Amino acid sequence: MNKRKDKVITMGEIMLRLTPPDYAKIDQAHSFLANYGGGEANVAVSLSHLGHNCFFLTKLPPNDLGDAALAHLKKNGIDTSYIVRGSSTLGTYFLETGFGGRPGKVIYNRKHSAATRMSPSDFDYDKIFKDATWFHLSGITLALSSKAREAAIEALKYAKKYNVKVSFDFNYRSRLWTVEEAQKWYPLVMPYVNVLFASPWDFRKILQFNKSDDDVELMNKAVEDYHIDYIFGKTRHIISATEQEMQAYVYGNCKEFKPTHWFKFQIFDRIGAGDAFASGVIHYLIKDYHATREAAEFGLANSILKQTIFGDVSTFSEKEVEEYIATQGITEVKR
Amino acid sequence: MNKRKDKVITMGEIMLRLTPPDYAKIDQAHSFLANYGGGEANVAVSLSHLGHNCFFLTKLPPNDLGDAALAHLKKNGIDTSYIVRGSSTLGTYFLETGFGGRPGKVIYNRKHSAATRMSPSDFDYDKIFKDATWFHLSGITLALSSKAREAAIEALKYAKKYNVKVSFDFNYRSRLWTVEEAQKWYPLVMPYVNVLFASPWDFRKILQFNKSDDDVELMNKAVEDYHIDYIFGKTRHIISATEQEMQAYVYGNCKEFKPTHWFKFQIFDRIGAGDAFASGVIHYLIKDYHATREAAEFGLANSILKQTIFGDVSTFSEKEVEEYIATQGITEVKR
Amino acid sequence: MNKRKDKVITMGEIMLRLTPPDYAKIDQAHSFLANYGGGEANVAVSLSHLGHNCFFLTKLPPNDLGDAALAHLKKNGIDTSYIVRGSSTLGTYFLETGFGGRPGKVIYNRKHSAATRMSPSDFDYDKIFKDATWFHLSGITLALSSKAREAAIEALKYAKKYNVKVSFDFNYRSRLWTVEEAQKWYPLVMPYVNVLFASPWDFRKILQFNKSDDDVELMNKAVEDYHIDYIFGKTRHIISATEQEMQAYVYGNCKEFKPTHWFKFQIFDRIGAGDAFASGVIHYLIKDYHATREAAEFGLANSILKQTIFGDVSTFSEKEVEEYIATQGITEVKR
Amino acid sequence: MNKRKDKVITMGEIMLRLTPPDYAKIDQAHSFLANYGGGEANVAVSLSHLGHNCFFLTKLPPNDLGDAALAHLKKNGIDTSYIVRGSSTLGTYFLETGFGGRPGKVIYNRKHSAATRMSPSDFDYDKIFKDATWFHLSGITLALSSKAREAAIEALKYAKKYNVKVSFDFNYRSRLWTVEEAQKWYPLVMPYVNVLFASPWDFRKILQFNKSDDDVELMNKAVEDYHIDYIFGKTRHIISATEQEMQAYVYGNCKEFKPTHWFKFQIFDRIGAGDAFASGVIHYLIKDYHATREAAEFGLANSILKQTIFGDVSTFSEKEVEEYIATQGITEVKR
Amino acid sequence: MNKRKDKVITMGEIMLRLTPPDYAKIDQAHSFLANYGGGEANVAVSLSHLGHNCFFLTKLPPNDLGDAALAHLKKNGIDTSYIVRGSSTLGTYFLETGFGGRPGKVIYNRKHSAATRMSPSDFDYDKIFKDATWFHLSGITLALSSKAREAAIEALKYAKKYNVKVSFDFNYRSRLWTVEEAQKWYPLVMPYVNVLFASPWDFRKILQFNKSDDDVELMNKAVEDYHIDYIFGKTRHIISATEQEMQAYVYGNCKEFKPTHWFKFQIFDRIGAGDAFASGVIHYLIKDYHATREAAEFGLANSILKQTIFGDVSTFSEKEVEEYIATQGITEVKR
Amino acid sequence: MNKRKDKVITMGEIMLRLTPPDYAKIDQAHSFLANYGGGEANVAVSLSHLGHNCFFLTKLPPNDLGDAALAHLKKNGIDTSYIVRGSSTLGTYFLETGFGGRPGKVIYNRKHSAATRMSPSDFDYDKIFKDATWFHLSGITLALSSKAREAAIEALKYAKKYNVKVSFDFNYRSRLWTVEEAQKWYPLVMPYVNVLFASPWDFRKILQFNKSDDDVELMNKAVEDYHIDYIFGKTRHIISATEQEMQAYVYGNCKEFKPTHWFKFQIFDRIGAGDAFASGVIHYLIKDYHATREAAEFGLANSILKQTIFGDVSTFSEKEVEEYIATQGITEVKR
């Protein structure tokens, strides 16, 4: 795998995820599987496996759990040299994997994590952004703390300064803040965004667009209002916790609405599906900024593959994603 | 969870279940997963999680396996103070979990268990039943031994004496006794029953009703003959060992036949489905003795949820069962 | 299980298979499940469970891994007294189990294994074949090495000499040799074959039959050209890595094409499906050499059951396979 | 096991402990074993297994982790009816088990737990203490938060009011607060204490006794100054993380210093050793308040047995502890 | 491994053993490790690995657990063709592995097993014994049931008839019968015995020898009274459940008492130590009936090696046992 | 951890190690634990954790196992940019962990690995060595193949050219080549070496020094003959597979023999002990090239700590090693 000559930056929190094995409920668990993940970190990891030079910005506690999170990033080829160590706690979350008619469940324990303590003074933004290609952020980082929010907005400013493409994923999390709180901050991010990952719900609820507009109208209005190049999104039909259908779409500056067809797929681990989608899209746009339809499809395929493996991250190569697009998984074991 | 002010009694055997992990066959197994369960014990556990004060009557051996069975009951909130310790062996059974076209398998090792040694003299029936709300029994306890049968019938008498509602689940087990043996004892139980869990097969085979009657006619006749308030049951369409459909129904004193619609669902662990159904029905009837249709639906939902988790028991709360009824599992992970 | 009075010989390689647990990818694995298998060895094991006296011919290294492979064969009732010990390495392979849209993957490490070192001088062919009933071989053994190839062809000659029925499974493996190499050797095997397991692809590619012929024409021509009694095969519709459909067919000396109906089934472990099919067919033909349709169906059922359990081998009894044919898995847990 | 007629109260925090299996380091762990424990909760559990009626006072979050902690207590026979549910986080800690020359390690994540939110208004002290026999507290609860401290001191007052015997274990934790902070609060507890678990270090550092006094002099002075009935303690010789020696001692109102002999023992899980010691001592004193030498020995034996099993708690019965005292583990498997 | 030309018969019960992993107590266990073992079966397995042709006589239930026990025997090279299938239950036992000062524990569930149903009519004694070399039995089989006892004594008679050497291991089990019951049956076995495995305790308690005789005197008297060739035994110093010392001894017809030196060793799994000792002794005596001192040492080494591995059986080869005797384990990993 | 400004190069093979869990024998194993390691790779990993910038030179196959080995190196902070991908097989080895009197065992499967295919043309030696600080090599790489040997000797030449310090560890492996073969190549390496890891045995056997010389004489002669700065080594007293003693020593240009005292320690995983020793010594010498006694002690401590954790590598920091030297493991869990 020869790395491209680009430099992709993402910023946010990486947490320890604790998952009861074998579809056990949290209150049945005698042990928890451990892996590491978090929205923007997952995007960096997938883009690294797709051949990009990725850097992750965060604050990690100077203890063994911080070391383990760091090792996860390194193992996946992330350059961790901008990460700061400090504060005392690694954010953790418990994931109960759903089965059939029983939905999954998440319990967060991240309110006082080291990542919530990151602040603008932790990062040398000029050094980080001056030769960067792309910057990706999500609404989760905005929700972490006011300091983290400042650090993120500072990053957006430097991205602008150095003409770095910016993608932003709404990723609204009701367990982290209320819609009312979110409504104050998302609008401030919009002016910096080139590529947006969002749904009509996000515009209606968080950006308070007119609720009665039809979806296409609404999304096209959003593109125009915020001078966004593209909005990508995906729709999910839930058949059960283990079988679902997805479709991706893109709205762009020529007002075109391009949905992919519906994919039916089986889910081994649902977490990180959105991050893998964003990663796939970003990867394709870095290759060809105008191939939006292909980007949507590549993102969707990356997302579906992600959901066939344990953990928060897609570690599939470009070739593997392309094979999936070509075969949709209808292939034999190769011997 | 605030417990209700009621007192629910169930009586029977609790066994150690040994299950090869990862869908292994028994003869492939290098280890067995351990959990504890048994028809009436499972009903007590589910009713405890649905907010009732539950007591279980049984005999457990005075060794570590008996202690472990006791701990399972305590952990699930069962009051174990009426349980007697004695004899020497905990019943065990081996469960081979089916997969796809390969059906599950059970090997019993319970013929000489402590529970088969329980007898009327083990229990202070007056104390147990004088302030009780509900008593639940199943045909399994009748099949254990003549002494256990006596203990069960004595319990039915005291339930009658203290005006306690009685539910009975046919649960005929061909591995424990023959139809001919069963035919002698089930009729003796009928006069005590308010709520019955049974299928047309049970009436035709065990109670020797006219085989050619159509199901509805037959069930209504049963209700009349035995002065039963309601008969509840469920029908199962087996697609494979891991995917099935179920429908619940109720026959009652106004001769009405009320089936629920068919639910398609995925099975993680099939054992205890009937007990969870009975628990759900009993819970709803304790709340509202006339809401039979809702009781059938609640029982069915509890049964389906049970089958999404490992073990013999449903540990779902009323709120979780209601959420399933509302969404039928079509929900996202909440974050 | 009373063994029949026959003597079935198979010859080939048995390997250690290393499988990441819980659908993990190879590069995620912290441990590997260990089991033993290989085409012809698997056929011997299944036929042993179907009641035949089976002998396996191979070379195993004189170390603990060789001992473990031997123990696997013994445990499954194979007579291992013709197996030679020598050379130094047991063939191994890594299997990544596919999930949903992600296909399975195999990495071989068998190029220099002890089995590739077996040669005609390792076996006392007269003793082995003089009272034998059936000999089964597959294309994998041809691909191992030139010495192994010689040992296999010698075996075919002795089978002929002693009038032993010969079955051969094409089993072309692109990871072991090229089509061009294969094209030299398969034709040499054909004259010895009574029962062949092959697909139209095999005839077109490996035996270089006319590509434009329609399948039935082609297969009938093959039967005629090589004086083969029957050709058996199966067709697979891949829905996903975990759900598929299969149909079996047989071509025979009366030019009849007899397909079974399509079976839809769930896959727990796909490896060994072809070997279980061959085993089921051979078993039935040993019982009744003319019941080809029943043989195809029995083979298919054995193959489907195999795919519901972990490992390379079917360990189902004749009774279990027949129960599957009768119910197609639509049965309740028996209690 | 017939429960005694007493009522033992303990108060504090119960946490989820996460332990890498098989002596792995935290940064090597792919999974964590889960169990529940905490100083005063552990004392309640051991006393329950020794035959006492135990109640635990704490605040648990209303989520699945809180439920699991509750189930742990119930399973071990604790009466949980005084426990309040509220706040949002269960305290957790990571334990790296030491091996040989590599010492164990703890990472806490408990600073903002539900237990730190408990306050005097959460408990109906009159109801709790009016018929109680014994109250046990440790310095850990003082360190949780100012509110928890208030709740604890209120409990001490009510214990006094209702003439309940009070035991207190210093359990100073440097990861929770500084010596300086501790120095303010421990003195306030002393007037309520009947039985103290403490070392000379505790008196010199936390209660600021004269550092140059010899240990016996110092401890006797402490007994006198604070009108304490007995001070119990144990000394540990560390040979390695897995092999150690311990001795227990008691100082009492007749100024006698009674050490047990040294026990050499092997350690499977070191956590909870002090709590098991306290439990054993308290158990013996409840039986016979004057048998201090026997109490010290019983406590030590309970502590050593605890260290042979996984988890934070001793679940040994009185009989098992007595057998250990009699044999010191020099016994054969009984068959 | 070339098998010798001998034929060794052993007779008894083989059970499923269920062991909590990782030194857990039975009441802590969420799973149990599964292996198969039983006194005389273990002797057959070890002798098979030492190069002998071994046959085991028992009755196994015709279910998957019986199949698994059979597979265990086959895997270890035992000829299972004399084993009968019948009755319904495989004996099981639960083993709690001791640690340090906490001794191991056994719970039996074997009272009604298939093995207790074996009877003289199950075996074709003439066929079995007419060409046999050695027959080994232990007191456990006598304790199973009166029918099993008859079958065993019949076997002894045929061994005598065909001049087969007989070894007998006292193996008195207090959980199976009382000393009083045992006293009736052991004397009947003595006249058939050539080689006895017993301790002075056995003679004093079971055979009611004079209790005040000194050990050497007593053992020599026993040799004389019963016309036994040799009595072998071992003495165990228990340091802890995991560290012990053993010494073997032999008494023979020249009244010589030959003890080996004391071996200090670490225990991974204590079960089967006595069977491995007997196996080692028998192996050596088959090679050289007069080399009693070497036999004692070889038996002891085999016993110590057994205790370093999981399960009931020693699977060590003659070479491995000899290497242990030569080095006593003081060797480096060979690379 | 701030990395130093140095550049450390090591060269060799990294393999997949497969270890039966829980002290199982290879032929008992149902699964194998997976980790990655190899002499020089282990040195790079430990030096990375001790704060150095480490680069590893090898050839890895372009498949998932190669990716996993690479991820292991990256995770541990190794710069992998000089590693070449090619050939087809990752070397593997099976490790049976010894217990008590049963020694460990290794089965190699590495003869045809990708690492044996590395050759001088795979590396840009000028770029690699021009700014390097230290180069470490061991005899294992010499034994891989003639091409690997050439690549290694080329590396030594470039190290010389750029004045890079060279350390060499004899690491003679009898499973890879004979003493006779080794005797040809080790002498060619000597002229390049500054720091040597070797024992008197190595000089007598491989370099054919006079066998009768006493050790000190011999080692001092070796220092002189080859113009080596220091020879480091360690001596091991084997008590059992799990308990041992070690002592380190150094011979230097002032002819001084400086042994450390003997350390008694417990072994969790013996593999990599020598590599951790070399790493510790090299680390200290990079800090202070004259502090040989401290280097020996630091190496020994690093080696002992390594043996308390699973896997081939020491991941301890300088601080952790220093703490061990200060306390020798006699410390409490810090809470």
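Structure notes:
Note that the chains are named A, B, C, D, E and F in the order they appear, and that numbering of residues resets to 1 at the start of each chain.
Note that in this section contacts are C-beta pairs under 8 Å (C-beta built on N, C-alpha and C of every residue); 3 or more make two chains touch, one makes a residue touch a chain.
Source: prediction; values computed, not measured.
Number of steps on the shortest path from subunit B to subunit E, with steps defined by chain touch: 1.
Shared contact partners of subunit A and subunit C, listed by label: B, F. Here the repeat of B-E among A-D, A-C or B-C is A-D, since over half of its contact pairs match by residue number. Subunit C and subunit E carry the same sequence, and matching their CA atoms takes a turn of 180 degrees, rounded to a multiple of 5. Centre-to-centre separation between subunit D and subunit E, using Cα means, comes to 46 Å. Taking each chain's centre as the mean of its C-alpha atoms, subunit C lies 63 Å from subunit D.
Put simply, the C-alpha centre of subunit B and that of subunit D have 41 angstrom between them.
Of all residues in subunit B, those touching 2 or more other chains are 21, 25, 27, 30, 71, 105, listed in ascending order.
A complete list of chain pairs in contact reads A-B, A-C, A-D, A-F, B-C, B-D, B-E, C-E, C-F, D-E, D-F, E-F. Of all the residues in subunit A, the ones that touch subunit B in their complex are 22-25, 27-28, 95, 98-106, 108, 173-175, 236, 238-242, 270-271. If you check the complex, the residues on subunit A that touch subunit C are 21, 265-268, 304-305, 307-311, 315, 324, 327-335. Per the touch definition, subunit B reaches subunit D in the complex via residues 71-72, 74-77. In the complex of the two chains, the subunit C residues touching subunit F come out as 18, 21, 25-27, 29-34, 63-65, 67-68, 71, 89-90, 92, 94, 96, 105, 107, 109, 111-112.
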